[in-house]
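First chain written, first letter: the chains are A, B, C and D, and each begins at residue 1.
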Amino acid sequence: MTSEAQAAAPVPVTKSTGHRLGITGREWRNLAIAAVLFALAAVVPLVGSGYVQSIAISIAIYTALATSWMLFSGPTNYISLATAAFFGSGMYIVAGGLDLAPYPVLVLLAGVAGALFAAVVGLATLRISGVYFVIFSLGLAELVRQIITWLQHVLGTMSGLYVYVDRSEEMFFWQLLALTAVVYLVGWWIGRSRLGFALRIIGNDELVAVHCGINTARAKVILFVISSTFAAIAGALVAPRWSYVEPTIAFSPFLSFQVVIMALLGGVHRLWGPLLGVIPFTLLWELISANFPAQTTLLLGAAFLLIVYFIPNGVVGLIEDALRQRGEWLKSLRLLLVRRSRDA
Amino acid sequence: MPDSPALTAHAVSKRFGGLVAVNDISFALAENEVLGLIGPNGSGKTTMMNLISGALRPSAGEIRLYGEDIAGIGASRIARKGVARTFQLVRMLPGLTVLENVTAGGVFGHARRWGQELNDYAHALLQRVGLPNAGDVAMTALTYIDQKRVELARALAGDPKVLLLDEWLAGLNPTELKTGIALIEQLRAEGRTIIIVEHVMHAIRSLCDRCIVMSSGAKIAEGTPRDVLADAEVIRAYLGTADA
Amino acid sequence: MRRRELLKYGAATTVAASFGQRIARAADPSVIKFGVVGPKTGPLAPGAAVTHFPNFKLWAYEINQRGGLKLKDGMHKVELIEYDDRTQPPETIKAVERLATVDKVDFIMPVYATGFNLAVAPIYAKYNYPLVTQACVTDQMDQLIKRYPNIFFVQGSTTSFAQAAIDILKKLKDDKQIGNKVAVVNVADDFGIELANAGRPIFKKAGFDIVYDKSYPLGTQDLAPVVKAAKAANPDAFVAWSYPPDTFGLAEQAKIEGLNVKAYYSAVATAFPGFYQKFGPAAENVLGAGGIKDTPEIRAYYKAHKEATGVDADYWGSPFYYSLLQMITQSIEGVGSMDLKAITAYLKSHTFKTIVGELDIRNQKLDKFYTVGQWQNGFFNAVAGVGFTDYSPVKLKTSWG
Amino acid sequence: MDIIIIGLLLGATYALMAMGLQLQYGVARIMNLANGEMLIAGAFGTFWFYTASNASPFYALIGVIPLAFAVNWAIYRVLIVPLVRRARNQGQLEVDCILATFGLSFILVGILLAVFGGEYLSYSYLARPIFILGEPYGLNRVAAFIGSLVLCLGLYLWLHRTRPGLALRAVSVNPAAAGLVSINVTRASALAFALGGAVTAAGGVLLSMFLTFDASLGVVFTLKALIIVILGGVSDIRGAILAAFILGLAETTVASLVDPGLTLAAAYLLFMAILLVRPEGLLGRRSS
């Protein structure tokens, strides 16, 4: 009964925190909790086995990608399937430049290149919206892949590029964790900035937004750039772990889909929403892959459908529902007790 | 009339394909004047408002705000220059609280505020439009009329010089209408220039200095409310010819 | 409401059952566990369905048929633990880690294809598993061997494949059987690009005139323009550094267009049994990467493969990888335990008897392999290779049947 | 001339891939990410039929079309209708459909794997040259071209000359208004979805005569179909057909005159360039 009732509910109203310049006590508390969680996460590779580490790395990659995806797509409702375009570009910058520049420089360079690339794309695609934007962004990733492949043929370079950077497993994880932390900080900062407010208005009603004086084009492009920069950096950080980079792997459309799906599954109206999609999703898929190797694909699909039908508002919706229900339950309990005591 | 008018329209037209929605309209609006824009449904009033606010780009003609041509520069730039509006059918921001719906108008527009100052200002505006304690309520929990009030507060949050009210008084009961009219009078007393599109003739009579009557996109009369409402052509436009 | 409850319980039971299954699987400690990771879905899945998974299945079946692996403490049955990596590197990495640290398998078979083997090489090294790579062709073998003492290469370098194919053509040219004009096309992906780039200077050196040299994207649905343009260049030989779907598409188009070159070569998947099944006599005398020598042992292998797995083995990777499994078996039994370092050392220090003859992999590189095959009477005979001595003679392609 | 004929043949191939999705997305408003798997299923069914009976693959159409229609009807009824019911707005429905059909595509791949195995499946049929203006072309491609034309024309006439077709078009323009004039929108959408699935599977039958398939290849066809449908402008089947032929001709031209390595790059570039100029696709209607 809840799912239907809830489906009819309007877009979730984010709680009014007002607009304050200073950081409030509540915000300090949240920051502290986040810091503790990150510190706990950072310990994972020290205590977990290689397998736990590899799952942790997967989660870190997808959290960084899904959260940065959500920074743009959450408030604007533009579903971008271009993640792979930026992720792959970042990978290729590292793979191609390793002989020319030190690795950390390449990671930064990947970020800069991703930003520039996103700015051009963002400015070009302003008029395109809805499903047209979705498929356009998908086409973009494929186009980049085709061009890189063709260039490799023409330039006579090897197709697969070897990326050897000596990094321990732990280091990979910490790098990705650090990136995720930066994504969160930026997301948090945007959320309390004028830019974030502008985007929420745009997401609600673009016509109202322009009449409020918001330069919607600029706001969208800035967010797209931020989001894509993170994807490019993530690609740059992951490249050495894969050791070998080739276009089919680097620009896999599946990556873009998976990022979108994890984010949607978690919920895109809260900064921590995608995380709540990534973790259960990764673990569930892991559980299925580990236990049903022969029917992995079939069961992944079935599990997926169950999620879509029974968790219609994402994990965030589920949690908020549970909290609300608990609140109501406590309230009715209290009422009952009060009545009892009165009757007695 | 002061030397530099607040807003002028010169030979403004808007075509949608073969349809001429606004046809060669010109007028000048002095600072602190209240202009009524009236006419039957479909006569082009709202399109005219959209052209001024920048929601639409005129096909021809120019619109000047304090002498500066603003035709086609885009709604967000026009808003920053001090033009704010309400919509014929309320456009709320359903995912935001009432307070945020108001502050939305005060961050990026003509006058800009942020932080506590903005919140205080928005609370004051809510009080002014008659919703003193609604700040944390969800927008969708409000009645249509209250949503209209919030929309006006949003328009005022940017402290606009020119205010466009598109049937803002429609649907109010007599008491509400009275306070509504009083509110608009106050806004004018603050020195704002106002254009009202309205079907409530009583309000037009009591508020407007001047009226423009539109029919099929064209201006068919201009003058004081009393004069234009007595005009034979205006009556025909509204009621049709006797033998039609 | 009811239906949903039912589903919930259903899901819960399934999950519980799966854990049960897992525990049951780990019960018998005397069974030796071998891990297998490869793509069952995704772009590389069809290749793995022929070359990768069935071989391991056949091997495990045969070992268990004869009573198990003979270690110092007696016979041990073997068990395969298989995971699907869905052609995604992070999944491959996770699956191998899972095998190593959760399933704690005694041995891990290689993963499928170049990029994936290289991505997991550090993990195999970390846990000392020998990585006897599968479908992994690279020009960086020496650097990788220096980096990983446990890695083994069994298929030669990219250049050696290009070199061998071109050598065949050169011989035909030198014997005046074909002219010196060659049309070269390649799939714009991984192995295709590398072969094309490696091949270009070799063609020049061999005195060939490359009259057409273009790439086409992976997944091209109509190869007519490519074949037409190649035909228009009027070549004496046609070389396609191609991948599975387009290997089929090019041959069909060549047949339709009447691209009647005397030597027709296409790279990957020409050695697939499906190629001959599709084209029948038209496939006669088509050259391709791989090849195998027709012997009774090999014939028996194909028969056993089909019977045990239901799938026809290919004429390139399949028999060779089976030989490597024989080498691994012999190493394990030679060592007499699942001591991974000792097994690695044994592999590096012995010569082994296999279905393709005597093999050794002392330098972490297999000493013998076939590089070019040709369809002759429905069998993809080896016509060139490295380390072997007798190859079938090359025949000219007369027509598309 | 050569280029034009090859381009038209390829365009017909693309039209076969995209027409079904156009019906499903344009009319039923379901962005079906499992569309490609339906095509593969049609192709596999034909492969199985051909190897078992050695009869012409065209006969497979007799079984595949009604079967695919029934399966897709069931999919719509069981999987999609609940999503339509619970969706608050078009955006929500779109997101839900993307998620649900993504899961569905996995299930279909799983089933195809279990039934047919993971290998490449292909057979040879009509792989003979047919000479048009003195140049050889694959007879199987020409046959598919004719099949594609028949399907295009049939669908077009059906949509424009019959009452159910009119209902479908009404739904595609405005579902709410169509409901007001007593069109059963759910039924019409189910019909469009099922018909789309049947057309896609029929496309798979025709394409199987000259393409090589495997169980995981569906996503490739889905992506191509999506691009064609979007390029055409979602609301008009003529748009999709036009877009298919434009892409076919453009790819062939680039392959023949520039460099085959750039064909797909050119196709994507063209797609993006057209969208930049016409953000609503070739024959799409500008929204508001």
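Everything that follows uses one rule, which is that contacts are C-beta pairs under 8 Å (C-beta built on N, C-alpha and C of every residue); 3 or more make two chains touch, one makes a residue touch a chain.
Keep in mind that this is a model prediction, so the values were computed, not measured.
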Any chain in contact with chain C as well as chain D: A
Most distant chain from chain C by Cα centroid: B
Approximate Å spacing (C-alpha centroids) for the pair chain B, chain D: 49
Centroid distance [mean C-alpha coordinates] between chain C and chain A, Å: 37
Between chain B and chain A, distance of the C-alpha-averaged centres to the nearest whole Å: 42
Rounded Å distance, chain B centre to chain C centre (Cα mean): 74
Contacts with 2+ other chains: residues of chain B: none
Per-residue overlap in chain D, given as positions that touch at least 2 other chains: 109, 113, 259, 261, 264-265
Residue numbers of chain A (touch at least two other chains): 10, 146, 149-150, 153, 254, 296-297
Graph class of chain-chain contacts, one of line, ring, star, complete, other: other
All chain pairs that touch each other: A-B, A-C, A-D, C-D
Chain B partner contacts - residues on chain A that touch it in the complex: 10-16, 18-21, 194, 197-198, 200-201, 203-205, 207-216, 269
Complex contact set, residues of chain D against chain C: 2-3, 6, 9-10, 13-14, 109, 113, 117-124, 127-129, 136-139, 141, 210-212, 214-217, 220, 251-252, 255-256, 259-261, 263-265
Residues of chain A that touch chain C when the two form their complex: 1, 49-55, 57-58, 61, 146, 149-150, 152-153, 156-160, 162, 164, 241-249, 252, 254, 286-287, 289-294, 296-297, 306, 310
Chain D-touching residues of chain C, taken from the complex the two chains share: 40-43, 45-46, 48-50, 87, 185, 188, 214-217, 219-222, 224-226, 228-229, 244-245, 248-249, 252-253, 255-258, 269, 272, 274, 278-280, 282, 311
For the chain A and chain D complex, residues of the former touching the latter: 3-4, 7-8, 10, 77, 79, 124-125, 127-132, 135-136, 138-140, 142-143, 146-147, 149-150, 153-154, 253-254, 257, 260-261, 264-265, 295-305, 307-309, 312
